[in-house]
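Right after this note come the structures.
In the two complexes below, chain A is the common chain; its partner is chain B in one and chain C in the other.
Right, the complex of A and B next:
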């Protein structure tokens, strides 16, 4: 598609079409891509999802810990990655809350705290009103220090977080008053968009204490290839981008239905445009290559 | 789309046929953009603004500032998309706003999350508690905290010394310390998690048994071992890549290409999700359609 030459002789039919295709203004492709996403978004197209082993393993990891056990949820992303990660964060919180896990929220990214707050407001408070702050869940908030935060928490949580996000001392909050280090948790879930994130949780939490707790992660598509080597030995489960979020939503909703399904349905809604856009892209790649080969044979270039 | 389209003079092959003149779509594109923009603004102006569909049903969710925020976000979104047509002043404004807001945000964030609680809060806790962070916990060892905080204070001053006209070499010392500490932190975790644990994960039976013969498990184990060995061979440069070594390295290249292709595909999926989310915002929060 890159160096197709126009057939000046103007041969008829398919050859002429391929020549024009090679010279196509790129803005037509942008427009087609925009429509391929806008139309399914408007029509709310949904397609069935079949859970992959990694999404199933994440679901099973949460299911395998005792009901009511403490879970650490690290929101290591910001609004720029919320399109991919917020759906899985919502589903994860609903899943944990449905099993009455004690939830401790924290963030290694400055705006991760706001994303966690948003999830608490959208999922925890409306659909699990029995959760009381300080008793059933705690918002620790953000601390600067990247992997240094994890390293200190691995040995001394109160040293890293003397107070929660609202300024209440940890010793005054029943849920975390007795927690010394990360081994107090049964499961650590990092929803991450990069550094610091799930990779650092594996390196600095799971590395020194491989049997103390389970680690699961949710990540953006860009970061997945960095995390795949850790699955399944160092990371029990992994949610791969919006596809993983959609699969996980389906698993969670099947076992723990929610009054308003759309609250944990964003991932599946965003998979509709994915399918159409991917089909368009595959079609364009095939057409582009045909045009390039045809152009070479006509023009004798290279 | 291609170099020859944007600059016909750059054709590397002077003997190739001359490219056809590009159709003049400018009028069509401008009409399309203006018409779509007008329809969008008209629709948005007629819609009740708020947080998604809830706002239309709940007047309490509507407010002047919500409306201003949604319009600002929508105009910035469309401004960024306008680059797809061509570079233009609206895009430049959006780009500058993004850079300016990001720079300011990170500066303020660094000040309030690092400098104030972790440096000033240790050096002058009473003052910081009174004027900046009332919830800052009271330390049981204020003297020790002060002494320890002096270390990063001095190192910080040495670091910014490079801005001074003389004595730039002073900044080399804190940089050396940063590099040393980072290397020390990373070394142990990398050996533990990225080397030893990965070796353990690779050394597994080639014939997988899972209650019986596990065909796909066996295939996965074989692919994993062959992939590791062939890719390592590709990066082994002490032997010339020819003969058996060359063929093995060639297989390694295929594994690498498949890995890069997979990573690229996942990146594309992420970008499409971002675009879908922007459309959701425009349709649902701004235009209230769909």
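Right, the complex of A and C next:
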């Protein structure tokens, strides 16, 4: 075999290997993805985060309302999206409670109430024991009606929620007894995974009374494009996915340290696996394209 | 005739009240009544949904269609949670009213309903969501190919967002001073440029288009021109 023939054979072999990569068994990809998430999680890899303008705006929106003013927190998601949204919910509640805001929890999703309960149990009760139910915070729970709930609350909260989630009449709860409509709040925060959620809060609450309160939102990555048109005017701040949560956690923890940082550090913990998984995705896409080019050149050579 | 006239009349009246209430304050209480009706009807939809779930899955089981065992599991789970939840079985007694069974807390994980939610439903739904990562990776490897200009643009945008959404973005380009002319090349700046300018402009156009479509469709419904929501029977 001449040198030229040998080189040509070697090149064809390499090209053949690359072309065969295009038919890589997907189980290898699943394994790689599993490892890229498991290893950083087990090693607790953490990377520095730099707050984006949207996360800063959310932090500033909470900071700009008077201390002790009422805040409405709407938990518009369920356990499927909790991995992405629960970290920002925790940080938001800790932020508000550190400023002694009066907190009213509610949900537009049937299982949002349970997510709010979890946040109360993991953040509010252990780290802000001064908060008394009915006086400093109220859990209104879930009501069916989607945006209809927001529309009715915009003009008449007691008509939509005659009682809180435990069945106590609103008129017997000092925090909400005098509240007539949504203008009683200084800030509305919707953490949402889709419909109904932050978009509906902007359309049906902020729309009719744009100057009465501020609206901020937290959203999953896939939903953010629907919310972008409302930022920064109708929606003053927005936390986008786990990265938004991680950035917001940093801002909150810097100003309002918490006894157990891991409680509001879940977003940053999840950024390690996200980094490795994203790099793997890029690598896979590049590999797939190389395989495509190699396959074409082989086809052309024939 | 009444089957069609009455629903159209209800829709027309409700729609007009909601529009008038937006501009005239005395009609606000009427719109609140309409909203209360709407929210009650939404709750009734849950019952209809449950009925539909039953009908679809029972039919699947009785005809032994492929996957009928899953339908059986669905129904067993549905009835288990329904009975345990409605009857508050195993609810933790309320300290203020220990003798009143229905005053107990059934949502805590110490009760069967809460336990099922916390340790079965919640992990299962999270797992379903988590599985997406594996399928997205596999699909990206096979389908995300730079075949033409459009796909190259899409690929480039995806790379920028994927990198900018992690610490890698700052690691790679964070050294470029923010006040320099090259700051636009930073991954965080590129992401802001893509999301807040290009993507937002496109979404605003789509949103405005949808809003105009909704307004037109609503008018057609209120005026009784569009009757497609009514049963053909």
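Quick notes on this one:
Simple rule for what comes next: the second predicted complex is superposed on the first by the 286 of 302 C-alpha atoms of A that agree within 3 Å, B and C clash if a C-alpha of one lies under 4 Å from a C-alpha of the other, contacts with A are read in each partner's own complex, and residues count from 1 in each chain.
In this text, contacts are C-beta pairs under 8 Å (C-beta built on N, C-alpha and C of every residue); 3 or more make two chains touch, one makes a residue touch a chain.
What you see is a predicted model; the values in this text were computed from it and never measured.
After superposition onto chain A, partners chain B and chain C are found to clash with each other. Of the two partner chains, chain C is the only one that A:282 touches; chain B does not reach it.
In the superposition on chain A, A:241 makes contact with both chain B and chain C.
When the two complexes are overlaid on their common chain A, residue A:270 makes contact with chain B while staying clear of chain C. By the touch criterion defined above, A:156 reaches chain C but does not reach chain B. Of the two partner chains, chain C is the only one touched by A:117; chain B is not. Touch criterion met: A:41 reaches chain B, while chain C stays clear of it. Legend: residue contacts after superposition of the two complexes on their common chain; A:225 is shown touching both chain B and chain C. Contact with chain C, but none with chain B, is seen for A:52 once the two complexes are overlaid on the shared chain.
In the superposed model, A:169 makes contact with chain B only, not with chain C. Clashing C-alpha atoms between chain B and chain C appear in just one of the listed stretches 129-137, 165-173 or 201-209, and that stretch is 165-173. On chain A, the surface touched by chain B in one complex and the surface touched by chain C in the other have residues 24, 26, 29-30, 33-34, 37, 82-83, 143-144, 148, 151, 208, 221, 224-225, 229, 241, 243, 274, 277-278, 281 in common.
Interface of chain A with chain C (complex): residues 22, 24, 26, 29-30, 32-34, 37, 47-50, 52-53, 78-83, 114, 117, 143-146, 148-149, 151-152, 155-156, 159-160, 208, 221, 224-226, 228-229, 231, 241, 243, 271, 274-275, 277-282, 284-285, 287-289, 292. Against chain B, in their complex, chain A makes its touches with residues 1-8, 19, 23-27, 29-30, 33-34, 37-38, 41-44, 82-84, 110, 142-144, 147-148, 151, 162-163, 166-167, 169, 202-204, 206-208, 210, 220-222, 224-225, 229-230, 233-234, 240-243, 269-270, 273-274, 277-278, 281, 299-301. By the touch rule above, chain C contacts chain A in their complex via residues 22, 28, 31-32, 35-36, 38-39, 42-43, 45-46, 107, 117, 121-122, 125-126, 128-130, 133-134, 136-138, 140-142, 144-147, 155, 158-159, 162-163, 165-168, 170-171, 174, 188, 192, 195-196, 199-200, 203-204, 207. Residue ranges on chain B touching chain A, taken from their complex, read 1-5, 13, 16-20, 22-23, 25, 29, 81, 84-85, 109-110, 113-114, 118, 134-135, 137, 185, 189-190, 192-194, 197-198, 200-201, 259, 262-263, 266-270, 272-277, 279-280, 283, 289-290.
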